[in-house]
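Here you go, one structure.
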């Protein structure tokens, strides 16, 4: 069994994992190219995201100990000196634990801090319900001035490091640990405020974010074999949201399914639904995510199956949606 | 000028206010009737919400000092002993600052803590942007197991104290400080999971929460004078949401305007929009709330006018909505 | 699967062990019996984790003596009755070592031994961090470090208000102490003179990123708690006799909460874990390594 | 409106006062001149608030000497150039007393005097809590108590990394100290030996709900900071000479952050506020009361 990269150890083999780990190397290289890049993390320096950077630039890593809130506010202070401060946090102890520090010290203050929120969604499901990070899209989208990105896979995540420089303000990057069906072979072009159109299609659209984008592509491929032409949008830019792409997809394909490793309340689905309603677009629409209840525990792979965050279930839901009437 | 009840003082006259203050008396009486009612608050014992209770039952008030997170988790511990623990917090330092403690120690643990989130929205706008509490609906709705209520006025708030006992789990009560156009003459009946239909109508519906409900009623009355029959729904139950009432209003009246003292992102409007989209209801729909940007500062009365959270502007938006086509 | 457990308890034996028998505070037990139990608990930890894809080794090994001293000597409990109202409470602030609780709870008949084989599996009641609504015997859930001292303080104040003599114990990691909420709770506990609250810090000198003193220094820890108004003690956390004495002393304190700083070794009992506790904070022990680990524990004096 | 300000500064006078002249650290000034400035600042506070619907009186009055000592003696600044890169930084942890900063900033030509009349009004640049993007001279925004020591620590570490000799000062309330984040920052500042960081606690003995010791005790405060690895001093926060000495001593410390516990009176200078600081935490002073308050300040020795 596998399904979670070890957050704690430089020893990649300590826990069997499906994680690819390009991001760690990309972050190291990004740091190598730009001396202004600093990293703050609360007792979380090793692991696949920042381990390589920390080993090469120990003096550019500030360990905050297990004090997430202080890490965030400290980052804000350092950023006033022009540094490009990254904060790495576990998904469960990022947006949720530090919502106020992110809003007040980082977003309201408009300092260019980049928050890497790793092990989001169900990635730490083995650890328990406390470690699920399933409300962070809802929280971060409600913070004015914050840019919220959610790369679909490891390559996309690598691309977001430099892309975060497109905005002057702070950026929250929701990293997925999942490697079910990677979307990109190489770091893709990132345009903040835009979705990526990864598959074209006219019978319907699946909009996915993070793991959801991986599932969307897989499902579209499955459905293609059945003769259905499904558009896939990679919703990596959650704030700002690509309203144009949503409206266009609704107009051109008439059916929208959203997929995300987040609660169905307040996530991508809510955001897309709201856009459809505001534009009074009569569209077949359905949200696929995690139920708004206390979720169970287990390894991510198992949980994905348990909750239907799979390519097959995504395809099935799309079939049901298309079969229904608006 | 007036517009904010003094959070700090037993001396009601210290700051000129439009606040009525029935809630304080209701809370005192509620505490008088039930010895199991305890109050925890972070350096916020006085003021209109809990001052009377604290003065009558000083030994049932636990001051947590200026340590909101500890107050929340402590409340969770006390609740395991069967006490009905209320936590009073300022809106800005409630859901935002303690999101994790609320999710993990209170909601995930299913302890019957009641959080009174006072001075929500723009009530503390004089203090500065840090004191706006405009993202709390987004945050609390994303917490599984939490019931989220938002009384329209002081009478409604009084009714929610006892009503919170309808659920076994925790309840978050978003209190408005506004007294622009009170909806209720006496504490209304509260049915968790339902909206109140405060005005019937067939030409369109305004759904308001908190101050929004006050504005909705005022706008409906204005529009009635113009011959328009406008339904008003008081969305006091934000989680669970009254999907039936939303669907019915869309079907029967064809046009929905939501009004709230919350960011337009992730609040009532988002929630209602999502329901419309999921039900593929082609409806004229518009969200009236605060823009998703760094807001300015001032006394609440001034800010309401500045941002159009007034009866007149609400009525105007409804007219525009009705004039538009779906 | 074979989970090594104590089949004969000090308190009771034979079939009657299933009965709801009260286990009084500070029940007689020898230090050497506790040491033996700690050894067995370490073996249990290895076995229980072996059913899961991974587990928290070094962190659970460091607190074995603390936990057995609490569950076999200090706490007032009732066998087979995890919800008994008048039990003392124990909260696992450092929730990632729940795996060390499960064998103790099974032994107390809080749930069947067979559950131990389900550790960490999909939907299991026995999770990597304790969940009060899943596993009987868990007095409060944990997982996010730094919360449980606050929760315990809430319980301590509630118990006092109800005029119950319950005592509330909270086990904290020495990295957990970094969390500001711990100091909010520490401040409030002293302010409210919560003498029925005892914090034990498993001062194993290491958090996830390495030695606690190099990651984020916390010393002088006992002094910090003292300056926050606590009665604080510093003891060898692997010596049962010392621990018994410390808990006895703690129970005498009537006007302050008590903090026991227990000096321990992270990975205690398994040489390669003691040598690199960081690599074994989370891991999966298999094959020859697992055998070697068992061997070392069995052979330790 | 007439805001009482110092028209002749120690550093400079006449028209040239508009120039971007550097004000060096520990520039010569007498203690009695600082006392006079503190008196004027108190009068300014009353005037500035009078333009708003309400204001934080007692909390701003307690720190008048601290603020004038900082802005007229301790901090390295540049007149008319609030964004000068090599200034020392000052953060107002207890953000609710921004009203006490505005007259000082106007005097430093960070913005026009006329702005003072807009305090607390809709969209004003001068807000009840300081906003770094609104008012020139604010080194960081505040409003939620307990954040700014962390932010200041971040600045201190960044300054050191850039090899700038900037010194970072953070003023905290004694109730603000309840916030756990303050202790996270305290721990980290000691760990990183941020000797360029100075915390001043305005220990006015009172928070919003009443006396700090009865709401949530924080004593022995200096000892708590010392146990967290800080160099800590305790001084009379209304005595300028003592404050000057404390800041001088703080600047000598090379291996630790420094905490100055400044003992003050909440409402200092106005008898009815000193008598009930809680009722005047937030308030609106009008008519005869305002006149009486002015009178008392003018007449105090």
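For reference, chains read A, B, C and D in written order, and residue numbers begin at 1 within each chain.
The rule is short, and it goes like this: a contact is a pair of C-beta atoms (placed from the backbone, for glycine too) under 8 Å apart; a residue touches a chain by one contact, two chains touch by 3 or more.
Remember, it's a predicted structure, so these values are computed and weren't measured experimentally.
Common partners of chain A and chain B, by the touch rule above, are C, D. The minimum number of touch steps linking chain A to chain D comes to 1.
Looking at which of A-C and B-C shares more C-beta pairs in contact, the answer is the pair A-C.
Taking each chain's centre as the mean of its C-alpha atoms, chain B lies 36 Å from chain D.
Computed centre separation for the pair chain C/chain D is 45 angstrom, with centres defined by C-alpha atoms.
Note: centroid distance chain B to chain C, computed from Cα atoms, is 42 Å. Of all residues in chain D, those touching 2 or more other chains are 133, 141, 143-144, 178-181, 184, 187-188, 191, 216, listed in ascending order. Annotation for chain B: residues 64-65, 67, 69-70, 93, 97, 100, 104, 108, 129-130, 294 touch two or more other chains. Judged by the touch criterion defined above, the protein chains are all mutually in contact, each touching every other. Across the interface of their complex, chain C is touched by residues 38, 62, 64-65, 67, 69-70, 72-81, 83, 100-101, 104-105, 108-110 of chain B. The touching residues of chain A, counted against chain C in their complex, run 1-2, 6-11, 14-16, 42-46, 63-67, 69-70, 92-93, 97, 126-131, 294, 296-299, 302-303, 306. Contact residues of chain D toward chain A in the complex are 132-133, 139-141, 143-144, 147-148, 150-159, 161-162, 180-181, 184-185, 187-188, 191-192. Every residue of chain D that touches chain B in the complex is listed here, in rising order: 52-54, 95-96, 120-124, 127-131, 133, 141-146, 175-176, 178-180, 207-209, 215-216, 278-284. Only residues 93, 95-97, 99-100, 103-104, 108, 129-130, 134-135, 138-139, 141-145, 239, 263, 265-267, 269-278, 280, 282-287, 292-295, 326 of chain B touch chain A when the two sit together in their complex.
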